[in-house]
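Structures follow.
Each of the next two complexes has chain A plus one other chain: chain B in the first, chain C in the second.
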Partner chain A sequence: MTTPLETTEPAAAQAAAGAGDERPAWRGTLRYALAKAGGALFSIAMVIVGTFFLFRLLPGDPVRNMAQGRNMTPAQLDLERHRLGLDKSLIQQFFDFVGDTLRLDLGMSYEYKRPVLDLIGERLGPTLLLAGTGLVIAVSLGIWQGTRAGWRHGSRFDRFSTATSLLLWSVPTFWLGLLLMMVFGVGVGPIPGIFPFRGIESVDAPDGFAYVLDVASHMVLPCLTLVAVVYAQYLLVMRSSLVEEISQDYVTVARAKGLRDDEVRRRHAVPNALLPTVTLVFMRIGFVVGGAVTVETIYTWPGLGQLFYEAVSVPDFTLMQGTFMLITVAVIVMNTLADVAYHILDPRVRSA
Partner chain B sequence: MTSVAAARRKLALSRFWGEYRRHRAGVAGLVILVAAVLLALIAPLFIGDEVTSVVESVGEKFAPPSLGEPFGTDESGRSILLMVWWGSRTSLLIGFLAALLSIVIGLVLGVAAGHFRGWAGAALMRVTDWFLVLPSLVTALVLAAILGGSTWTIIMAIGITTWPSTARLIRAQTLAVEARPYIERSKALGGGHWHITTRHVLPNVAPLLLASTTLEVASAIVTESTLAFLGASSNRTSWGTMLRASYDFGAATQGAWWYILIPGLAILAVVMAFTLVGRALEAVLNPRLRRAA
Partner chain C sequence: MTETQTAADAVATTRPTLLEARDLHVEFSSRGRRARAVDGVNLAIGAGEIVALVGESGCGKTTLARTLLGLERPTSGEVRYDGDVLNYSSKALKEYRRQVQLVLQDPTGSLNPRHTVYEAVAEGARIHGLPDEQEVVTSALSRAGLRPPDRFFLRYPHELSGGQRQRVVIAGALALDPKVLIADEPVASLDASVRGEILALLLKLRADLGLSALVVTHDLGLAWNIADRVAVMYLGRIVESGPVEQVLTAPRHPYTQALMSVLPESPERVVLTGEPPDPTRIPGGCRFHARCQILASGKAAEAGVADHCRTNPLPILPSTADAQAACYYANNTT
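On to the complex of A and B.
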């Protein structure tokens, strides 16, 4: 589903690289990286501008929205309005907002009565732990299984893999999470639950190494859910790009040289097939983020995703605005890094 | 002339059906799909909104599946079977309309970006790329939270966040079509932008669009259920809101497995059906894939 998206990228990169033929290769790369960084900065600026106007679209009075129907005197409302700078003109508000955001002042959460940035800081660790672990497992598993399926495409293993990934692709993340929670967390019938399914640690969490084990056991189910829904796409892309590489001449040459099948695969076909897959890991990071929000919500994992979910369900608009901008900017940065990494890693794109 | 064209279209259609029939998974998907849509359409003849009413429910709470209630009951004693049936209307409606919105935006912007070269096309691509990197679920949640959770805002939130991939696909196809000599001929004969895009480009991208719409509906249904589960719901019973309720009322800890399993299986069946049909359509319509198969 994703392959048509990348068709124009190499062509554009080739044009960029072709312009500086006489210069050393790293200069072309540097120029490419700078151009991409410029594009990313523009995108980030658009996110900040877009967020400002999006959150001004809110129907009704922002102060009343934040007050959630709590009784406030008109004087209190005015005071609050002044504190939030809502008595200024829209242009002035806009510049204040941009300035504050650039200084990383994301405002106060109405629900927690604390700076949004502090809340984000607290929640960042658990998210990185969960999403990072999940991503590493999903990518390794996807590449391994995709390689096996693609190398012998049409085999029973291949058909099984493709069918499984289609199934996992169709399953809503949250439903899979609920099922796993029911089967392995709560237990079905006479079989008791094995893993904890609420939060990141037990109430009576022990110290030292036992604590690590405690957190790890809490991570099993959320991680499993995340891996299950995310890894299918890596498998499918790895498989299809390997299938494409197999028919290339250099693979025939490698075979003709008398290399063993295993060596042809490991040293010739797989490294080339790996490139699109690795890029995809960063390109589709937004998808992983969506999965993380859902998984963290189900398992009440105290991460950014759950913070965002809380902000949406309260609703706490300052917190929502802050987490939304942070998540989006992180995704843009990841995508840009993927672009540049692809440019550096693939000599065909660099020096064509 | 028209009869010739009609005969040609009829031939093309029968050839297409002959190809499609050979994809067994695609036919199975189509059967499930037609059944699901028919069931959703005839639902008002048998049941109404009262199946979702807490007040009128007579059953036992969290009753396991039995002869009377083949799929058990929920936290207020409502029948899961009837709720899933009634909820299919909302889920399918949002899925279809959101996909339609997404495809229409993607088609218009994609064709425009491919047809108008120069700064206009480049600017459109810039906007598309910007939307493409936004994490779609997170953005859709924010949109739904800000605009309020009616059926239409959910449709808008999904449509607005999912069109960019269609736009890129359509743009690439438009570029390929417009490189062909007959477009030049048409231009030389005085064909304007409207004529070229609607008479030449559109018929060429239409088959691709059909396959991509089918896959889009599948992902829109999943997104709708996810949004509903995360609380941005339209307040009407859908498969997503049922699963939300099963989570809120602790169906997992109460051992009410049917409450979680049945609505989820409904989503899975419909989404799988759409995916299978979409893949079969892709295989039939994309000559490159057909040769490989």
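On to the complex of A and C.
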């Protein structure tokens, strides 16, 4: 056996410390963000290229599709093709498409005979309003319940809230939407129809604050549907990462230092457990732009989701192309932001 | 043996008891079965004394440590600090935390990855409202051997080596000026070269600050290097205790002998047979009898205690500084 080690001095501990990397942390973050932005730009370029070929690969002749049901002579069809630039070579069409897209000219909608960008601009507002509100509510609800459930996992609250959220998660959106519309929109038996369920505003919408109330009441049912179906994922991610965090030693150490339970939760467990949730939320923000196709269609909400649905059912290729690119780009941008946010929030990732 | 240790032993007998477990029981129920993790323990730690608690995994030593810290409540029995029974009201517990601090095995897990060294060390001081936080942090870091302290303030745990991380954990504990450190396998996850440094640090803290420590370990070499007294735990109970050189050079309990025999210096190995201990099914009689090599070899029968071993439960060892073993054979033959 060895002898006691009273004389060993901790020289190594000091020597290794802080050797010369005093450069400001933000610079590393900036470099990281730029690299990520470069990657995102590349992805977006690939999306533009991919979109072009994807929509050219779709079966059917767009001009014939547009002419559906109407009698057109071959000459008229050719004229239309020429107008849309479809008579040029594929290469020429490709370069035209890329050039137009870079100038944010997404072409004319076949169906509406208006620029796709204008249509998107009109529909973006309602979509952001509905899907954005839904996201905020779903995220808050999910994180709140997930935190409570994870902190006391196995408790009655945990079992009840997890089961409820999973049940709603498994319910088909259209079914739940129709059900809510029937019960709270139309009214069933003694329950009167309370909330409007068509569109974003009443035909005779008043002005000012009353208008805000009118829109808000139109939002209740679609929002409820949206939240009910998706909040489970925030709850489950939050719950499981919290369960993982509270089994960590630093939680025990914090408790042993004299922190009360709620302080341990607030200062240590919850902020760390939020990290995976942050990624999820950012990704979902990307999809918010796409709107909720099902919910918007059920409640005839004049948003992008409904626009996309209409574009697919016509089919209106330029409109599909435009909305498709918008949604993809939004997701890419949000993913990039999520990466950067994670980088800022988690020091472990920062140095990696 | 060195002079420091013998000197420490001479003091040990006169040291007043600081932290004490009296007839402590801690039970858990899992899937309808009761696990008696700590099943009757008397243990006293004197002021300025380092006690090593050794035993194999699952013997209840970590539960005992957690209970001494007030992180786990005893089913029966009591924890006493400075003569007073530990009070589990949140206010009293918070006050107690200033006196008794914890150091865990894995320094990486013990530090919040998103807190800087400064935040980690300052947290205790902040919670307890100590004045001059920066001074507290600076002095705690330098006492833990991280010098110059301000170079470490803004570092994150992942930027440090394992040994430095453990020093930060120790600094976090020292920031509160505790009287007792409870260290659960404090060096088990560190490299051999760093182990020596951390052990030297613990000894230095005892010498400089008069800190008491309970070091939980499965490593007898560590116990030998650092402790004044050692307590060997088996299946929820202390089976042998006493001054470290007495217990480790002349172990009396067959379990301690078996533990000692696996050290490289040992002439012959004792291989324990039978099932590993299960705290949900503690055997009657001596709790070690099913695996006891003395009983199996027939020596216990020769000494005429074999029936006792199998049927009569042993009394709980009192908390005394002298060498003692809970074994019919050992107590009958010596």
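As a convention for this text, the second predicted complex is superposed on the first by the 318 of 352 C-alpha atoms of A that agree within 3 Å, B and C clash if a C-alpha of one lies under 4 Å from a C-alpha of the other, contacts with A are read in each partner's own complex, and residues count from 1 in each chain.
Please note the rule applied: a contact is a pair of C-beta atoms (placed from the backbone, for glycine too) under 8 Å apart; a residue touches a chain by one contact, two chains touch by 3 or more.
Source: prediction; values computed, not measured.
Using the contact criterion defined above for the overlaid structures, shared-chain residue A:Ala256 touches chain C, although it does not reach chain B. Of the two partner chains, neither chain B nor chain C is touched by A:Ala210. In the superposed model, A:Ser313 lies in contact with chain B only, and not with chain C. Counting the residues of chain A touched by each of chain B and chain C gives the higher count for B. In the superposition on chain A, A:Leu90 makes contact with neither chain B nor chain C.
Chain A uses residues 1-2, 4-5, 7-8 to touch chain B in one structure and chain C in the other. Put simply, chain A touches chain C in their complex at residues 1-10, 12-14, 16-18, 248-250, 252-260, 263, 267-268, 271-272, 345-348, 351. Considering their complex, residues 1-2, 4-5, 7-8, 43, 46-47, 54-55, 57-59, 166-167, 169-175, 178-179, 181-182, 185-186, 188-189, 285-287, 289-290, 293-294, 297-298, 308-309, 312-313, 315, 320, 324, 327-328, 331-332, 335 of chain A touch chain B.
Residue ranges on chain B touching chain A, taken from their complex, read 129-130, 132-139, 141-143, 145-148, 165, 168-169, 172, 215, 218, 222, 225-226, 229-232, 243, 246-247, 251-253, 255, 257, 260-261, 264, 267-268, 271-272, 275. Chain C contributes residues 2, 4-5, 69, 71, 90, 93-94, 97-98, 101-102, 104-106, 109-114, 123-124, 127-128, 145-148, 151-152, 155-156, 158-161, 163-164, 167, 169, 172-173, 176, 193-194, 196-197, 199-201, 203-204, 207, 221, 224-226, 263, 265 to its touches with chain A in the complex.
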